[in-house]
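Mind looking over this structure? Questions follow.
To keep things simple, chains are lettered A, B, C and D as they appear, and every chain counts its residues starting from 1.
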Amino acid sequence: MLKYIIKRILLLIPILLGVSAIIFLLKTVTPGDPARQILGNTATEEQVQELREELGLNDPVVVQYVRYIKNIVTKGDFGSSYRTGEPVLSEILPRLGTSGIITIGAVAIGAIIGIVLGIISALKKYTWVDSLVLVISMFFQSVPEFVVALVLIMVFAVNLHWLPATGITSIKGFILPMVTIGLASVASYTRITRSSMLEVLGEDYIRTARAKGQTENNITYHHALRNAMIPVAQSIGTSLGNSIGGGMVIETVFGVPGVGKYIVDSITQRNYPSVLGGALIIAMVLTIINLIVDISFVLIDPRLKTTIIAGGAKKPKAKAA
Amino acid sequence: MSDTLLSVKDLVIHYETEDEVVEAVNKISFDIKKGEVLGLVGETGAGKTTTALGILGLLPAKVGHVIQGSIELEGKDLLKLSEKEMRQIRGKKISMIFQDPMTALNPVKTVGDQIAEVVLLHNQCSKAEALKRAQEMLAMVGIVPERYKDYPHQFSGGMKQRIVIAIALACEPELLIADEPTTALDVTIQAQILDMMRKLQKEQGTSVILITHDLGVVAEMCDNCAVMYGGELVEYGTLEQVFDNPKHPYTRALYKSIPSLDKDVERLEVIPGLVPDPSDLPEYCSFFERCSEKCDKCNKYDPVSTEVEPGHYAKCLQYMKEWEG
Amino acid sequence: MAKMHTPAMEKIEKKNKRRKKPVNSTPAYEAWKRFRRNKTAILGLVVVCLLILVAIFAPLIAPYDYTAQDYTAMMQAPSAAHIFGTDAFGRDIFSRVIYGTRYSLVIALFCTIAALFSGGLLGIIAGYFGGKVDTIIMRIMDIFQAIPMIMMAMCIVSVLGNGIPQLVAAVMFASMPTMARNNRAAILRVRGSDYIESSEAIGVGQVQMILKHMIPNAAGVMIIFFVGFLAVSIMMMSSMSYIGVGLAAPTPEWGLILNDGKAYITSAPYMMFFPALMIMITCFAFNLMGDGLRDAFDPKSK
Amino acid sequence: MNMKKVLSLVLVSAMTLTMAATAFAEEAGGLSGANCDPANTAKTDETLTIGFGSEPSTLVGTATGNTENESMMIFSALTDNLVAYNSLTGEIEPQLATEWEWVDDTHCKFTLRDDVTMSDGTPFVADDVVFSVKMWRDQNATNETGSIFTECADPVADDEHTVTIEFTSNAPDIIRMLTWTNYGIVSEDEVNAAGGFEEVGKNPAVGSGPYKFVSWTNGQSVVIERNEEYWNQDYAGYYKQIVFTFTSDPAARIMAVQSGDADVAYAIPTAQASTFQANEAVKVVNYTFDQVNHLWFNMGENAGATADQKVREAIDKALDYDAINAVGSAGLTAPALGYFVEGNPNYNEVYTTEERAVDIEGAKALLEEAGYGDGLTIRALGLSDIEPVYVVMQANLAQAGITLELDIPDTAQFVGQAAGGDYDIIIVGEYAAARFPSIFIFFQNAYTFCIGGPKWTTDEINAKIHDFIFAEDQESATQIGKEFEEMMKESCIQTNLFPAVNSAVTNPALKGFNTLERGFMDPTGFYKE
C-alpha cells in the first residue's frame, strides 16, 4: 500500500511543474503590468521600471521560473502577494478551509439527494416516478449557477430573512453557497446511482439473497446499495477534487472569501505570486484528495484491495469511472 | 400422501414481454417424497430453471406469470401464499443454489456474514451464534472454518460453490433445488461437490431437485428422473426405469447420443432439428418434428402423460388408445 | 400456434398484424426502437427540433431588429408590444432571445465539435494505447484540470479579444480534462471486450482497429457525451459572460442577455427570467435526449 | 465582471474631485466629519454595516501613495484634517487648525487646537502636522496629494501649537485641497508603533478622528468603533460600531440591504439603482459631485482617424446626447452644455441645444470630406461600468456608417491601455469643483501618467490653464474658463456628455447620507430618527 501511495505522490511533481510552467507562459502573454497595479496609476514610468527590476519581472521567463521553483523546493516559500505583501501560503490556507467546507457541504448535499433520487428511480424503473425524478434532477443541471444563486438569495435572504445574503460572517452564510453547488451536481449523482443500482440488482448474488428469504428492503439497502456505491463514491471523489477550485462564480456572487474568488481577484490585480501559489496548492489538494478517494475505495470494495496493492495493475475490464 | 413433500399439479408458466409470450412451462405435474433426489433433465430452454423459480416464487417481476396450476408443500399451495409467508419458506423449507458460483456471492460481504444471514433470518439467535453456525457449515462443506472472515474473491470457483451450498443447507431445509450446480466447474471439482452433496443429503434427509443437462450426473446422484422437453414432462420414473427402459422417443434418442466406451462408433447419433421455439409451440406433440417413431396421427393430438408401468410415465401417443385407431 | 391462448397473446397478435414487413434489426434500429419508447427523450428531441427551426427562421419570428434601441421605452415590463419586455437600452428582449437561439446553438455546436476533437481524441488515444501513452496524456489532463478555467479564458480573450473563435477555444481548453476522461473510459470498456481481442488476433491494423471497431462500438457512448456536452457548453458560455470573458456587446447570445439582466434581478426580474428560461429549456432538451440515447445505446445500464 | 468600483477609481487616480451638495442628496452637505444634520444627536450601541464593492489593499492610502476610494472613505472616519469644507456656505472652516494666514506667496501659518488627543492617547501637537505633511510630500510625489508640496521645504513647528507649511503656490483654492480625505493628520509615534509606512495600512491605529480602527479580516470585513474621547463634543456619532463588507456583485449588495444584513450598498450603477425607486423596502440615494463625463478623441502621436478634426466633428454630430444621458444617468440629469457642472462657479454654457441635436447627414458629409465615405471603424476603450453608454454610441454611430468596436478589458489591462493612448475614443470625467492646481489635468504634462484624454496639448493651452488657476477673482476666472472651453470646442478636442451621478441603496430608515469630496460617502454622518 505504501509503495502505491509514494508512487502517486511522486506523480504530483510533474503535474506541479506542468501547472507552474503553463501559468508562467500565460502570465507573460496576459497584458497589464503587475508593477503598475502595485504602484497605482499615478506612479511614474521610472518608478514602475524600478519596481519591475526589483521584482525581477524583466528577467527572461526561464530565469524567473527556475527561481520560483527553487524557492518552493528549498524554502517552501510560495512568494508573497504583490498586493498585501503577506506570504501567499498564509493567505490561501484559511481560504482553502472556506472553499473546502463549502465543497464538502455541497458534495454531501448533492450526493445525498442524488443517491436517494437514484435509488427511487432505479426501484421504480419505467414508472412516472422515474421520469419525474429525471426531470427534477435535470432541472438544476440546466440552469446556470449564478441564476440559481441569485434566486436563492432573493427567496431565502431578501424575502424570508432566514439566511444572510452575502458573506460568511455567520455560519449560516455557508448554507446557500453549499446548496447552489450541491443542487447542480444532483443530476449526475442520480444518473450514476440509478445505472449502478440497476446493474447491481441484476447480479446473481441478489437472486441468492432472495433465495435466502431476505426482504426486498434489506436486499436493496444491505446488498445492492453497498455494491452500487462504488462507482458513486468514485464520482464523489473526483467531483470533490475539481470543485475546490471551481466555485469561482458562486464565491463571487455570495462574496465568500474562498480560493476560487482569491484566484479570480489575483488574476484581475495581476497578482501573479498569488495566482501561481493558488493554482499549485489546488493542484496538490486535488491530487491528495484523489489519492485519499482511491484508498478509501479499498474500505468499500475489498476486490480493489488486491488490484491496488498489487502495484495498481488495472484489469482491462475494470469499470473506469 | 403423508411422505410426499412437494406436489406440483398442471403448472403453466409464461414469460410475457411487449413483443412475444414465451410458454416456458406447459402443464407439469410431479411429486417429491421426503429424502428423494429427483433429477430434472433436458436441453437448455426446456423450462427446467423456470420450474424451479416457479416453485420458489422467484420469477422475474412484471414478466414471469404463473398462468395455472398448484404447488403444494406439506398441504399448503405455495402459489396462494403472501410474499411474507413465502419468505419464511425460502431458505428455511426450500432453498436453491445456482449455476455460476463466481457471481453468486456478494463481493463486499464476508462469507461468514453471508451464511449467518440466512441463519439469522429464520431463527431467533444472536449474531455470534449465527457466525458459530456459519463456521460449522463451512467445516461441513470442507472449508477451513477460520476463513469465515475472508471475502468471496479470495476463494476458487469450487470453494465458492461449497459456500453457496453451505448457505443453502444452513437452516436444514426440507427441499434443496440445485440448478446445474456443477456445470460451471471442471470435472474433478464436479465429482467432489457431488459427493459432498450426496453425503449432506443423506445426513440431513433433504429432498433434492437436481436440474442438469448431464445424464451422467443424474445417473450418479438421483433416485428418480424426469425428462423435460419444450416445457413439458415427457418421461418420469425411477432411475432404472428411465435409464434401462426408456419409453419416450426423445429419452431414447438422448441415450443414443451418449458416447459409450464399449461400442466404437464412427459418428455419434444426433437428434436432427432444433429445440422448439417456446414462443411458437405446436398444439400437437412438441417433439413431432424431430421424432423418429412418429405416426401420421401424432400431429393431430397432444398426448397426455400415461402410466406405462407402475411409477413410470411417458407423454407419447404410442401409449394411448388413439395410437391404433 | 401456441399450447394455450392467454389475453397477453391476443394483444401481441393484434399488434403483429398491424406491423408491415419485418425489419432486420440492426443495433441502430434497436436503439431507435428503445429511444422511441422513452417519452422524455422524445420530448427532448421535439424541443431541440423546434429550437433549430426557431434559429433558422429567427428573422421571421422576431418582431423587432435585435439591435434597435429606443431609449424612450427602456426597461418596460412584458407588454403586448414587447412580449418579453425591453432591456436597459430599450431593445426588445423577445427578438434578442430569438436571434440568440442562432448564436447559442451554433456556438454550442462548434464548442462541442472542438471539445470532441481535442479532449475526445486524446481520450481515445489514451484509452486505446494504454501504458506509457495513457499515463502521459492523463497527467497532461491533470495539469489542465488544475489550471483555473477562468485564467485560461481571460488570457485567451485578453490576447485575442472577444469573439466566437476565442470563446470556442476557451470552452475547449476548459472541457478538455473531463472530455478526455469520459472518452478514455468509453474506450476502456470497449477495449476490454472479446471482439476487440479477437479482431486483434486476426491481425487488424491499429488505425483500422480504432476506426472500424472501436469508434463504432463506442459511438453510442460518444453520442451521449456529444449531446450532453451541447448542454454543458451553453452553460459554460453563460458563466463566461458572467465573468466578463464572453462575447462582445450587442451580440444577442443568451448568456450575454442574462448577464445584462443580472443587475436588475430584484427590480426587473423579467430581464433575466426569459434568457434563463431559454437556456434551461435548451439544456433540458439536450439532457433529456442524452439520457434517452444513453438508455437506447447502453441497455445494460438502463 | 468588474472587480473594482470602476468609474471613480479612474477619475480619482488622475484628477482631483470636489465635494458639493446636490439638488437631490436628501440632506444639505455641511462640515465633513461633523453631524451635518442637526437632528443627529443620539448616541446608541447599534452597528452600521456598509457594503463596498471591492476590498482596498491598504487603509492608509497616503502612507504608500495608494489612491483606492474604499481606503480613503474608511481613513476619513479615523482622522481629522487641518480644515474642513462647509458645502452649505462654501466656506473653509476650522477643524484641527483654528486659524491660518499666508505669510508670503508660498508659506502659510496655521494655529492649532490644544485640546485634541491622538488615537494612542498622546496629545496632538505641531510635530504631528510636520510629520503628516512630510509624508504627503515624500510618499505621494506623483499623485495629487503630493502635487501641492513638490520640492517644498519641511514645515516648521514654531511652537507646540503653531506650524508654517510651504506650498508650491498660493493659488486661491489650494488651501481647499487640504479639506480632502487624503489630508488626514497622523502622528509619527502611531505610524512607527504600527510598523512604519508599509505596515500601518494593515493596522491603522492612527488619527484623532471620530472613529478608531478595531479589526480587518482579510477578504471579509473591516470594523471601526466610536472614539468616546473625541475632542469635538457637538459630534454625537449615532453608531457605536461601523462594519465595512466587500461584495463585488452590485445585485448581491442590494439584496444584502433588502435582507437587512447591510444598511448601505455603496457604488451601485445608477440605472440599476433607479429601478428600486418604487420599492419601499429600500431607499435610493443619487447625487452628482461636480464632475461631467467627457468624450475625448485620441490626438496624440499614435492617434488613428480621430487625429482628423472632420472625423471628430462627424462623430460629435452623429451622437444622440439625449439617449446617452438617458442611459448614462438614468435620466436624472440633463445633457451637459459645458465642461463644469451647472451651479459650479466656473460654469459656462458653451454649447446650445441646437448644436447638440443629431445630424446624421452632416456627419456623413464630413466623413466624405475626410475620405471615409465607404465607412470607418474606430475603437472605444472603457470599463464595464461605462459599457452601456458605449452601446448607445455604437447604435448612434452605426447610422452614420461608423462601426464602433468596444474594447472592455479588466482594470489592470484598461489602466495600461488608457495611459498609453491605445484607443480612438474614451469616456473619462474630471472632478472639477474648484480651480485646483491640477484642474484640466488631461492637458497638464506635469502628470506623466494620465488615464485617457487627448494625449496632446499645446503651450497656448497650458498658458490659458495657468491663467485660469491663478485668476485673482471669480469673474475673471469664469471668463478665462469660457475662453478655454471655446478653444476646445473650436478644434473639437472633446464633447461634454452628462454630469456623473453616484448612486447608493440604503435601509429606508437610515438618514444622514453626507457626501465628501470626489463623490465619497461620509461613513460617520449616518443616524436613525
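We take it that contacts are C-beta pairs under 8 Å (C-beta built on N, C-alpha and C of every residue); 3 or more make two chains touch, one makes a residue touch a chain.
Everything numeric here is computed off the predicted structure, so don't read it as measured data.
Asks: In this assembly, which chains make contact with subunit C and also with subunit D?
Replies: A
Asks: Using the mean of all protein Cα atoms as the middle point, what chain has its own Cα mean nearest that point?
Replies: Answer for the innermost chain: A.
Asks: As a quick test, compute the distance in whole Å between the mean CA positions of subunit B and subunit D.
Replies: Taking the average C-alpha coordinate of subunit B and of subunit D, the gap between them is 93 Å.
Asks: Whole-Å distance, subunit A centre to subunit C centre, using C-alpha means?
Replies: 23
Asks: Approximately how many whole Å separate the CA-defined centres of subunit A and subunit D?
Replies: 42
Asks: How big is the gap, in whole Å, between where the Cα atoms of subunit B centre and where those of subunit C centre?
Replies: Spacing between the chain centres: roughly 51 Å.
Asks: Two or more other chains in contact with one residue: find those residues in subunit A.
Replies: 30-32, 150, 154, 158, 264
Asks: Could you list the positions in subunit D whose residues touch two or more of the other chains?
Replies: 1, 249, 251, 255, 258, 409-410, 413
Asks: Quick one: which chain pairs are touching?
Replies: Contact pairs between chains: A-B, A-C, A-D, B-C, C-D.
Asks: For subunit B, which residues count as touching subunit C in their complex?
Replies: 12, 14, 16, 18-21, 23, 26-27, 65, 67, 231, 280-283, 302
Asks: Note which residues of subunit C are touching subunit A in the complex, please.
Replies: Residues of subunit C touching subunit A: 39-40, 139-140, 142-143, 145-152, 154-155, 158-159, 177, 181, 184-185, 188-189, 191-192, 231, 235, 238-239, 242-243, 255, 258, 262, 265-266, 272, 276, 279-284, 287-288, 291, 294, 300-302.
Asks: Going by the contact rule set out above, which residues of subunit B touch subunit A in the complex?
Replies: Interface residues on subunit B, with respect to subunit A: 56, 58, 87-92, 95-96, 98, 100, 103-109, 117-118, 121-122, 151, 153, 164, 167-168.
Asks: Touching residues of subunit C toward subunit B in the complex: what are they?
Replies: 1-4, 6, 8-9, 12
Asks: Can you list the subunit D residues touching subunit A in their complex?
Replies: Of all residues in subunit D, those touching subunit A are 1, 3-4, 13-14, 51, 57, 65-67, 142-144, 198, 202, 218-221, 245-249, 251-253, 255-256, 258-262, 409-413, 415-417, 419, 447-449, 451.
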